[in-house]
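The same chain A turns up in both complexes below, where it pairs with chain B and then with chain C.
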Partner chain A sequence: MYKIISEETDKSGMKVLNIDKSDLIELMEDYKDRKYFLSSITGVDMKDHIDVIYHLHNFDKNDYICVKVSTTDEKVPSITKLWKAAIVDEREQYDLMGITFEGHDNLRRILLPDDWVGHPLRKDYDLNKVQYVSVDRDGNEHVSFDDKEGW
Partner chain B sequence: MKTGDMGVKTTTLEKALEWGRSNSLWPLTMGLACCAIEMMATQAADVDVARFGSEIFRNSPRQSDLMIVAGTTTKRMAPRLKRIYEEMPYPKYVIAMGVCVIQGGPYVDGYSVVLGVDKVVPVDVYVPGCPPSPQALTYGLITLQKKIRNETDR
Partner chain C sequence: MSHWIELNIGPVHPATHGIYRFRVKLNEETVEDVDITIGYLHRNAEKICELNYFVNNTIYFDRMDYIDAMNMEVGYLRAVETLIDMEVPERAQWIRMIMAELSRIAARMVGIGALGLDVGMLTPFFHTFHEREKIQKIFVEASGGRQEVNYMSIGGVYQDFNDKIIEEIKEFIAGFKGKLEEMVKMFTDSEIFWQRNVGTGVLEPDIALDYGVTGPMLRASGIPYDVRKDSPYLFYDKVNFDVPIARTKDNMGRFLVKVEELRQSVRIIEQCLAKLPEGPYFNPKAKKSAMLLLKGQGDVFTRVESESGEFGVFIRGDGGVKPYRVHARSPSFKNLAVVPIMTKGSLIADLIITIASVDAVAGEVDR
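Take a look at the complex of A and B:
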């Protein structure tokens, strides 16, 4: 049985559950049986750790709940086996936040080109190193730090 | 020599071509972000851009003369935008609509936005605003028509 570390209610009345990441799959299975659907996955960079936040929605009760998981090694178990919608959301979080979802079959970048260096929504991402994108005749994208080789 | 009551109008072939081109600018549907909503409003009934000969927004670059770049151009979109521009037949013109397209706008510190679409394609008329009103875009179109006809603006 999973263990909820703390439970709180935010300003809008939404229930927020803080759990350990080893309990994540078990809790999500429980909520899936209670007809909750995955609404979104987001990540927050807190500098010493990363919070991964799952929003679940029940259509019958019109109830939103929020599940927060904290990770220090940037790894979180994947929930793509439960909801197929998580495939795209987890790829986006991997792309922009650099969170590795263990068990995801196709974890690669979705918004940025594959050669992009770094994860832009992280606090330690250096905005001064500007990267430029170009496409060759075969449709392959190239990323370069030289502004003459792309836009 | 009398040619009827209509009279005679003399012109050069270049001027006749410029007159025809400037009054049949068919825009390309290049709505990249929120400015596209104002571009749609320009095409709709309130400020009817068909009064100036631009009523048909074409979906193919091969049928259009004018590219209205409406919305934030990201770095990933820029090579595609360049390719679509190269698929348009000559003579072709570009209007940069909105402040994102002109110099980056609110995304000037971002990692993913091209700071000025004039780095990608040559721009004829810049229409500033966030977003520009349909009247501003119509004024930009009239400015482009005057530019094609080689007239001074004021």
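Take a look at the complex of A and C:
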């Protein structure tokens, strides 16, 4: 059985459950049985660790809850087996925040080109380092730090 | 004997309604698999928002769902105002509601018109854009912007409604009611429109829920979920309107749900105009000199009903004058992801109609 570390209410009046990431799958399975659906996944870079925030929604009871886990090694278990909505959400968070979702079948970048360097939403991401994207005849994108490459 | 073709649609193609790339695996004319590449319009608004003061960010939200800018602003401001405990005067909230509904009508006009174009009907497109133009004239009168309006701000709106704007809105609503029925008749009188839309792009409700689909797509699958009704914001609990659903789950169902929602939007605007109170349109606590000093601490996640579905905004404040993290839960992003399931085994021509009926906006998908 999963253990809830602490329970609070945030400013918008939503119930927040703080749990350990080893309990994540078990808790999510429980909430799936109670007819909750995944609404969104958010990663927040807190410099020494990353918070991963799941918002779940029950359409019958019109209830929203928020589940928070924190990770220091940038890895959390994937919940794509429970809700298909997680496929694109986890890909997005992997792309922009660099969180590896263990167990995701197709964890690749979704918004940025495949060989982009770095994860832009990290606080230590260098905004001054410009990367250039070129598109070849087949429509595949290539990224380079050199603006002449690909032309 | 099967004959495989891999067909590339997009990124720049009239049928994609924005910039996405569809790589379709075809067995003769039957769609076997669709691979969607997105990100051509990615600007990382979430990162840009972290670099700005709370008040600066409305313009980046305008450019997410760029055809429904007012609802994006309502969505962002609902989150920010919850975070920084800012009260909004009653008149400003009613004004926001009128603008949000006008914007919803304007966005639907693009969606429905483009659906007609993809079926091969040129005429309704001109009529829908004529109506959209009238709404944009109202926006210009109120804010100075046609599409990217930047009308709302923390604590209220940029400019009060004067008599001329109210008169224009009343005139528009009076004309639009008849015009809408005329436009809908153009669609529903067409045999081709029925044949192309009925039974294509079927989305079962359990798949829709599993994929996180919201908005008219979910309602057309038979689930009456609307944020305006289920968790009212602004004054949506003080006006009467219905949430339409369709049982057919197909493209025609989605079209009819969108049309019925237009009628409901008109109803909401009429009630808003009747109830619009006198009073301040701006909270004096959020005056210009104090704008940059607004501080927020903690997490909020609020959501509003935008044109394409449930638009949620997550903001974490660290007690500073800038947001620590902003995340937008964009409905189009989820709605587009279900297209491969909806079109599997259908004809390539039905794929085009389904994409038009999903009506995903590239700016919101890519953010």
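To be clear about the criterion, the second predicted complex is superposed on the first by the 148 of 151 C-alpha atoms of A that agree within 3 Å, B and C clash if a C-alpha of one lies under 4 Å from a C-alpha of the other, contacts with A are read in each partner's own complex, and residues count from 1 in each chain.
We adopt the following convention: contacts are C-beta pairs under 8 Å (C-beta built on N, C-alpha and C of every residue); 3 or more make two chains touch, one makes a residue touch a chain.
None of the values given here were measured: they were computed from a predicted structure.
Asker: Which partner chains sit in contact with A:Ser12 here, chain B, chain C, both or neither? Use first/second/both/neither.
Answerer: The answer is second: A:Ser12 touches chain C but not chain B.
Asker: Answer with first, second, both or neither: which of chain B and chain C does A:Ile53 touch in the superposed model?
Answerer: After superposition on chain A, A:Ile53 lies in contact with chain C alone.
Asker: Quick one: classify A:Ser39 as touching chain B (first), chain C (second), both or neither.
Answerer: Touch status of A:Ser39: second partner only.
Asker: In this superposed model, does chain C or chain B come into contact with more residues of chain A?
Answerer: Of the two chains, more chain A residues are contacted by C.
Asker: Looking at the overlay, what does A:Leu112 touch: chain B (first), chain C (second), both, or neither?
Answerer: both
Asker: Given the touch rule stated above, what does A:Pro120 touch, chain B (first), chain C (second), both, or neither?
Answerer: Both: A:Pro120 reaches chain B and chain C.
Asker: Taking the superposition as given, does A:Lys84 touch the first partner, chain B, the second, chain C, both, or neither?
Answerer: second
Asker: Name the contact category of A:Ser134: first (chain B only), second (chain C only), both, or neither.
Answerer: After superposition on chain A, A:Ser134 lies in contact with chain B alone.
Asker: Looking at the overlay, what does A:Ile25 touch: chain B (first), chain C (second), both, or neither?
Answerer: Touch status of A:Ile25: no partner.
Asker: Now for A:Ile65: first (chain B), second (chain C), both, or neither, which partner does it touch?
Answerer: Once the two structures are laid over each other on A, A:Ile65 reaches no partner at all.
Asker: Quick check on the output: what are the common chain A residues between the chain B footprint and the chain C footprint?
Answerer: Dual-contact residues (chain A): 111-113, 120, 125, 127.
Asker: Enumerate the contact residues on chain A facing chain C in the complex.
Answerer: Interface residues on chain A, with respect to chain C: 10-12, 14, 16, 37-40, 42, 44-45, 53, 55, 59, 62, 64, 66, 83-85, 87-89, 92, 96, 110-113, 120-121, 125, 127, 139.
Asker: Please name which positions on chain A make contact with chain B in the complex.
Answerer: 111-113, 120, 125, 127, 130-135, 141, 150-151
Asker: So in the complex, which bits of chain C are touching chain A?
Answerer: Residues 8, 11, 21, 37-39, 42, 44, 46-47, 79, 82-83, 207, 209-212, 223, 225, 230-231, 298-302, 310, 312, 314, 316, 324-325, 327, 329, 333-334, 337, 366-367 of chain C touch chain A in their complex.
Asker: Which bits of chain B are touching chain A when the two form their complex?
Answerer: Chain B residues touching chain A: 75-76, 78-80, 82-83, 109, 111-112, 114, 119-120.
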